[in-house]
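Presented sequentially are two complexes of chain A, the first with chain B as partner and the second with chain C.
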Partner chain A sequence: MAPVAPRSGDVIFANVERVNAELFTLTYGAIVRQLLTDLEEVDEVNKQLDQMGYNIGVRLIDEFLAKSNVSRCVDFKETAEVIAKVGLKMFLGITATVTNWDVEGTTCSLILEDNPLVDFVELPDTCQGLNYCNILSGVVRGALEMVSMKTEVTWLRDMLRGDDAFELQLKLLKQVPEEYPYKDDE
Partner chain B sequence: MISVGKIKQYTNVLERPLSKGKQEVSLSAFAFLFSELVQYNQTQVDNITELERRLEDAGYAVGARILELLCHREKGNRRETRLLGILSFVHSTVWKVLFGKVADSLEKGTEHEDEYMISEKELLVNRFISIPKDMGAFNCGAFVAGIVRGVLENAGFPAVVTAHFVPVEGQHRPRTTILIKFAEEVLRREATLG
Partner chain C sequence: MGREVSESCVESLVTEIVSSYCNGFYADKPELAARRIEAIGFQVGHQLSERYTMDRPRFTDHLEAIKFICKDFWSEVFKKQIDNLKTNHRGTFVLQDNRFRWLSRMSVDPSIETLGSIQDPSAMAENKAAQAIGMHLYFPCGIIRGALSNLGIPCAVSADISNLPACSFVIRIKA
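Let's look at the complex of A and B:
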């Protein structure tokens, strides 16, 4: 059987069921507010958001692979491009530019061209340390871990904190060899 | 699509142009997020009632904001002041913006004067939710009940709003009914207004 051609992010996004981004934005806002009330410490909220994102990422990768027909990426550069142009597009309807590669080709930045998480949002003085979009970095980390890549994903620039863009840094820590068939314990 | 260079430096949220609300994200993205909201809240409670209350609180925050947004964007800074007006605003305008469709039905309760019901065959938030047996009558629609309460209360119509599964004949899945019970003062005011 001939391999199925990968589909572009635009095509996938046009064909999946969609909801109003405002429902998504406001629901996310409600989550962040709940966490701030429950956990009190901004650092704890950052951690929890990252954890939630990670949980999402490990589940979301299945849908991504099923719908995108993307096959194994040859290198991390391709991986980053696929996240920026296909992954972000098919779930959030946005794309990103990949830039700032280091010489080894293991660290780069995604500059988001739009960010549906932050509509209507302003950080009050008490929450200046909050990485409001930390869920997204968690998602990327979780999803990549499911395809054998241990990564560190951090926000370098955040417009809510006064920067001029949303810049997400992806750092490939190591490629985990696939374990086969399964681990016996754990 | 805005290109990178054109994104304005936003200093004040109120100075940004208000979006037209046409942007979309995938349903999966919302479903994943909502699932995390439910799972997180499960870790914070001991029982179903408490869980529903927390989901309702989260929804309330959304409702309060959506009211403000829609009154500004869709209604020229006016809001409904009469009972039927606000109910149809919830059933039509709010539902359409949030869920992409008008709610399936809006009915007046038959037994009590102060009760109204909005029903939905397949409530968006319940699409990918199945309730484990040991969680009884728990309904994630509590989040939507919260949204409705948030809209109503902030428009000056305090009410108790709850979400219930109602079995439908010939259907595998029950529909969700959002039951609205208005506070006494609301009905008194309506009566005075005539």
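Let's look at the complex of A and C:
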């Protein structure tokens, strides 16, 4: 296997339009709060956040590919590294460590070094089942689906629920072969 | 400078709020969708103005508070100040942003420019494009109302896009 090229999103992040993270964090908090009021069930809110994230991921992948100049990843290991070091950096200004690979190289964990979604956040007792950061897992899933990878993305550890880190598990379910909607000779 | 995120993150959230509420939960009830989107903005504005005014003395009158919104608050959120402020001196203020950031990347059907004010969402139901833009504006309207409410000024806020890409926010302070 070719060694993974050292890549970092620092330069890209320095060059994109940025806003102060408070606006982002508080907007996200207000969304979660409104969804809890409107949907009532915590499970429904988890689903909705995941869906919103998925919709965002489907769109953000274009911006990612356009600005990152990342070439095709040779395998899922490289994909995970690119998400951890370039993708997260470019949008959220953070990076993650990739760890806990299984032997097949299809499941791993991203340990976030930091998480701007949860600044100022504390979950009340009534929201214990809430996966507050579910939007992020949805974004990753949506983005990967656009580059032909069906994945399952789940939070294994969540500091809002008392864990010692934010751990996001990526599981590659299927690599969908690229299909063109037209035949070559048409 | 504090922590930053890419602007796409915020824009993505705003787009997703509007589409979830308008196409999902309240597809047939634009009034309800509008109210929810405004409520989310209100919450954000309320909290932001709390944070941005922590180290300031209390504002002595409405005009001072409005000026704070036009300058400091707008700069924090939109990285520019409001370009023009007008008032009738009887509690109505019009804040014009000549190039409102959140609309600058939206495509606009020119026919809606005659439509003007977006106070009544049901009146826009005929025109989907106008409705989409209008729905996006409930969020910043809510932010302004929330910010002023936190400063002890109850008001109603609407937006006027008859002059795109300029956008005017009309604040009516409740007596």
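Assume the second predicted complex is superposed on the first by the 173 of 186 C-alpha atoms of A that agree within 3 Å, B and C clash if a C-alpha of one lies under 4 Å from a C-alpha of the other, contacts with A are read in each partner's own complex, and residues count from 1 in each chain.
In this section, a contact is a pair of C-beta atoms (placed from the backbone, for glycine too) under 8 Å apart; a residue touches a chain by one contact, two chains touch by 3 or more.
Just so it is clear, the model here is predicted, and its values are computed rather than measured.
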Chain C versus chain B, contacts on chain A by residue: B
Which of chain B and chain C A:N20 touches, first, second, both or neither: both
Touching partner for A:M52 - first (chain B), second (chain C), both, neither: both
Which superposed partner A:N69 touches (first chain B, second chain C, both, neither): neither
First (chain B), second (chain C), both or neither touched by A:M90: both
Touching partner for A:I111 - first (chain B), second (chain C), both, neither: first
Contacts of A:A30 with chain B and chain C, given as first, second, both or neither: both
Which superposed partner A:V121 touches (first chain B, second chain C, both, neither): first
First (chain B), second (chain C), both or neither touched by A:N100: neither
On chain A, the residue positions that both chain B and chain C contact, one per complex: 13, 16-24, 26-31, 33-34, 38, 48, 52, 55-56, 59-60, 63, 90-93, 116, 119
Touching residues on chain A, where the partner in the complex is chain C: 13, 16-24, 26-31, 33-34, 38, 48, 51-52, 55-56, 59-60, 63, 90-93, 116, 119
Of all residues in chain B, those that touch chain A in their complex: 1-4, 7, 9-10, 12-13, 19, 21, 23-30, 32-37, 39-41, 44, 54, 57-59, 61-62, 65-66, 69, 97-100, 124
Chain C to chain A touching residues, read off their complex: 1-10, 12-17, 19-20, 25, 36, 39-41, 43-44, 47-48, 51, 76-77, 79
Chain A residues touching chain B - in the complex, by the definition given at the top: 13, 16-24, 26-31, 33-35, 38, 48, 52, 55-56, 59-60, 63, 90-93, 95, 97, 111, 113-114, 116, 119-122, 135, 159, 164-165
